[in-house]
Amino acid sequence: MSNINGKVYAMNAITPMKPWKTWILRGFFVVLGRVKPLQQDLINLSFIEFARWVVLPRKRFPYLGNGQKREELQYDYLLFFSNFNGTWNQYIDAFSAVLSRGLNLIWRWSEKFPGSVPVTPFKTYIARVQFDTDYYYTAYPRATANDLKSAHIVQASLDTLSQHAQDYTPAQFAEAYLRFVIQVQAHLGETGEAPVVF
Amino acid sequence: MSKLNATDIQGFVLRGYNLPISRYLFLHLEDASRGRKMIGRLLGQVTTGQRWDGGKPDSTVNIAFTHRGLVALELPLATLLTFPVEFQEGMRNRAGILGDTDLNAPERWDEVWRNGMVHVWIGVNAKSPEALEARCAALLAMIQETGGATLLDSQDAAAVMIDGKPTTREHFGYTDGFGNPEYLGVERSSQPGQGKLLEDGTWAPLATGELLLGYADEAGELPVAPVPHLLAANGTFMVYRKLHQNLAAFRAYLDEQAKLYGGGREKLAAKFIGRWRDGTPLELSPDKPDFALTQDPKRSTNFTYSADPEGVRCPLGAHVRRVHPRDDFGFHGKLIDRRRITRRGLPYGTFVPEGEPVLDSEDRGVIFMALNASISRQFEFVQQQWIGYGNDARQGNDKDMLIGNHCGRGRFVVQGDTTPENPPFICSNMPNFVDLRGGDYFFLPSITALGMMALCLVDPR
Amino acid sequence: MANKSGSVYGLTILSPIIDDEMATPSHDLQIRAYLATLATDDKSPFALAPGTHLARLVVMDDVIYVGMPACEEHLKSKYLVLESNFDGELDNYLGGLADTVPQQLDAIWGHCVAYPGAANRQAFIDYMKACQLDTTFYFAAVNDKSLPDTLRALHTRSAVVDFIADHQGMAPARLQAEFIQFVAELRLEPIPGPGAMAIPRDIKTGGKDE
């Protein structure tokens, strides 16, 4: 069992919702999905690689027959899966500090959600509804979301310079090379091991 | 927020004394009841945060305890268990988290920090060597008389003297001491750039609870603190680290790199930390030092990084940008307000001006002491994520140039522009300019809490 | 439905685990035991099969009771959750898994209700889709780059840092020649595969309620 692989942390959370509230939440997600500026805060939180919310209505748990018993539930459930860089505390702190309104709109329909501010009851709630990952795989254990974005910038700049490198005079090349270095200079951090998770 | 009771708070917490010399005594408690008696005797001597209307005293005394020290004093177990995990563990056991490995590993620390014997830190600051000696002699005589503790070791530190005057320089030649935050209720002349950034671009003091236990912090709640409340309130936690400086290695590396760097030696030195050696912030004056600026409290810390997202003026990985990223992570700086620390401490060892022979083996460095309400959330986070790692600064695994535990590896990227005076540049394979020689985590109680400890009046819940 | 963000697909699957009182240990525990030792590096089934950026497997043994005044309720089945973030379309991805790592799939999903086995490619795909949940809201920080592009870019970045650092102050003609050679060599260099250079896990307890 491990929620951690290299530089990423896998969080799973499940919270119960009264079924009539599920529709409000779905409505909110429709708006969030269509209005890109509303997603900007998620994008600016540069330590999230992938995240998803799945509304699971009580009657829609996969049922395959073959002796499986049908679920009999009163609540719908909200599943949350996140892949983030950094520490658990940093992640929840950041959510609470800068995304509290958005998070409240997502989780306030869940039973016993205390609100995302102040942070300690919020952390206690997340810790309670979090369930651990048995197996976690990442194709790039030594990279964070920032590393990925930087790497793509470096690649694109290198591709551009190398296309014309042969055609330049040395003086032209020196100038183009300097421009290239300046294009990539903010994106040259090394990839490597993650700090010890705490 | 109500006014702080300065008579209940150790003065060391509320202000840097600005006294030029100091000695830190490390004690081992021999016996709980004699130890309490010793604390009782010390109580009247502890310097509080009360204003010095009659002028500065000749010397000051402050006291703090490791968790093992509190155990030795036989505080109730139910109370001992309410202290934060990292404080209970102590700094040595957090070496993995802090990146205190390889050259900085605990096995390489000074003897006094390796054996786990330190229970008490007593900090004495003084105006003059005579005042220091007199105060320490009196303290040690009293300690001996009570039989409460033995002296394991002591550490002297003092401001670097230049032309006979105490300065705020450290051994590498940088001017230190610009970075301490302001807190609500802590009396101090206000300076833009030293608290937290607000949405309108102005600065305000941080919540008191980022420094002192018992008050609301930046998350709008009381920091994690031991129970009972009275034991915690008006206290704080202190990180003590003895940082040895390899001055010869630093100067040699700077010389060698400066040969390749078009901006010149002094600019390269400035790029390492984000300030010219006289303290001028690169962000405000990228081309040359401006001494007048450093002397102007309205300007010397008053800047943000939003106009320099690529690090052209102040490199993205420069020391001051790492440890106080201001608005660098967006959200008007809100992601950093719970990651600030207050620094105390002084250099130790002899200062050697540029050009004079110097050896790394000479005993020289800085005593780093950080005060914060939560060691894990504040100091440890900064040390791990911002000093020993670079992801938040978008610099991958790159470490802090000056104090990173490089062990001969690593990179530091100096971003630049197309002008020959400010070229982009990469430093590689850095030696350790700074080595950790030991230290620990301490609890700095209030005067009330010291009294409770002395009289054995701590009631658990 | 928001299973895709750009070119990245977010797959969520909940497969009911067989509830058999005769099984010792129970099927969910057998899955956990298998997953505990399954390789997470370049030997991982998700590294061997194409297209996965990140994926996880989780035994969800019940819903969580949050306390009064909420009602306490429990699931009748335990579920195996697969959360995957991959390139392209679902059928191709599932088919790729079935083609490449059928043994591992069988060892895991063999404990699930009505699992047909990976040998029958179409039956496997149909089964997985029957267990699929639609994602309500999906976020991907980078959603326009394939896995091979990403691995290549990461490799390129490291090489570029080294190149720049090693060529500071070099005369233009020589710099140009070395750059051209560097790019040519970089193209031929093998790129570390998915999951390569995994890091051993080291976790400390830390800032509780910090």
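Each chain carries a letter (A, B and C) given by its place in the written order, and its residues are counted from 1.
Assume a residue touches a chain if its C-beta (ideal position, glycine included) is under 8 Å from a C-beta of that chain, and two chains touch if they have at least 3 such contacts.
None of these values were measured; they are calculated from a predicted model.
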item: Two chains sharing the most contacts, counting C-beta pairs only; value: A-C
item: Per Cα centroids, the chain farthest from subunit C; value: B
item: Mean-CA-position distance for subunit B and subunit A (Å); value: 34
item: Inter-chain centre distance, subunit A versus subunit C - centres from mean C-alpha coordinates, in Å; value: 14
item: For subunit B paired with subunit C, centre-to-centre distance based on mean C-alpha positions, whole Å; value: 42
item: In subunit B, residues with contacts to at least two other chains; value: 96-97, 376-377, 380, 411, 424, 426
item: Residues within subunit A bordering two or more other chains; value: 7, 46, 87, 89, 120, 147, 150, 181, 187-188, 190-191, 193-194, 196, 198
item: Shared-contact residues (touching 2 or more other chains) in subunit C; value: 161, 164, 202, 204-207, 209-210
item: Partner subunit B, residues of subunit A touching it in the complex; value: 7, 41, 44, 46-47, 85-87, 89-90, 93-94, 96-98, 117-120, 144, 146-147, 150, 178-179, 181-182, 185-196, 198
item: Complex contact set, residues of subunit A against subunit C; value: 1-2, 4-8, 10, 12, 14-16, 25-26, 29, 32-33, 39, 42-43, 46, 48-56, 60-75, 77, 79, 81, 83, 87, 89, 110-112, 120, 123-125, 128-129, 131-143, 145, 147-152, 154-155, 158, 161-162, 165-166, 168, 170-171, 173-174, 177, 181, 184, 187-188, 190-191, 193-194, 196-198
item: Partner subunit B, residues of subunit C touching it in the complex; value: 161, 164-165, 168-169, 202, 204-210
item: Complex contacts: residues of subunit C adjacent to subunit A; value: 2, 8, 10, 12, 14-16, 18-19, 31-32, 35-36, 38, 40-41, 44, 46-47, 52-61, 63-64, 66-67, 70-71, 73, 75-77, 79, 81, 83, 85, 113-114, 130-142, 145, 147, 149-154, 156-158, 160-161, 164, 171-173, 175-176, 179-180, 183, 194-195, 197-199, 201-207, 209-210
item: Interface residues, subunit B side, partner subunit A - complex; value: 96-97, 99, 218-221, 309-311, 316-317, 329-331, 334-335, 337-338, 376-377, 380-381, 384-385, 388-392, 394-398, 410-411, 413, 415-418, 423-424, 426
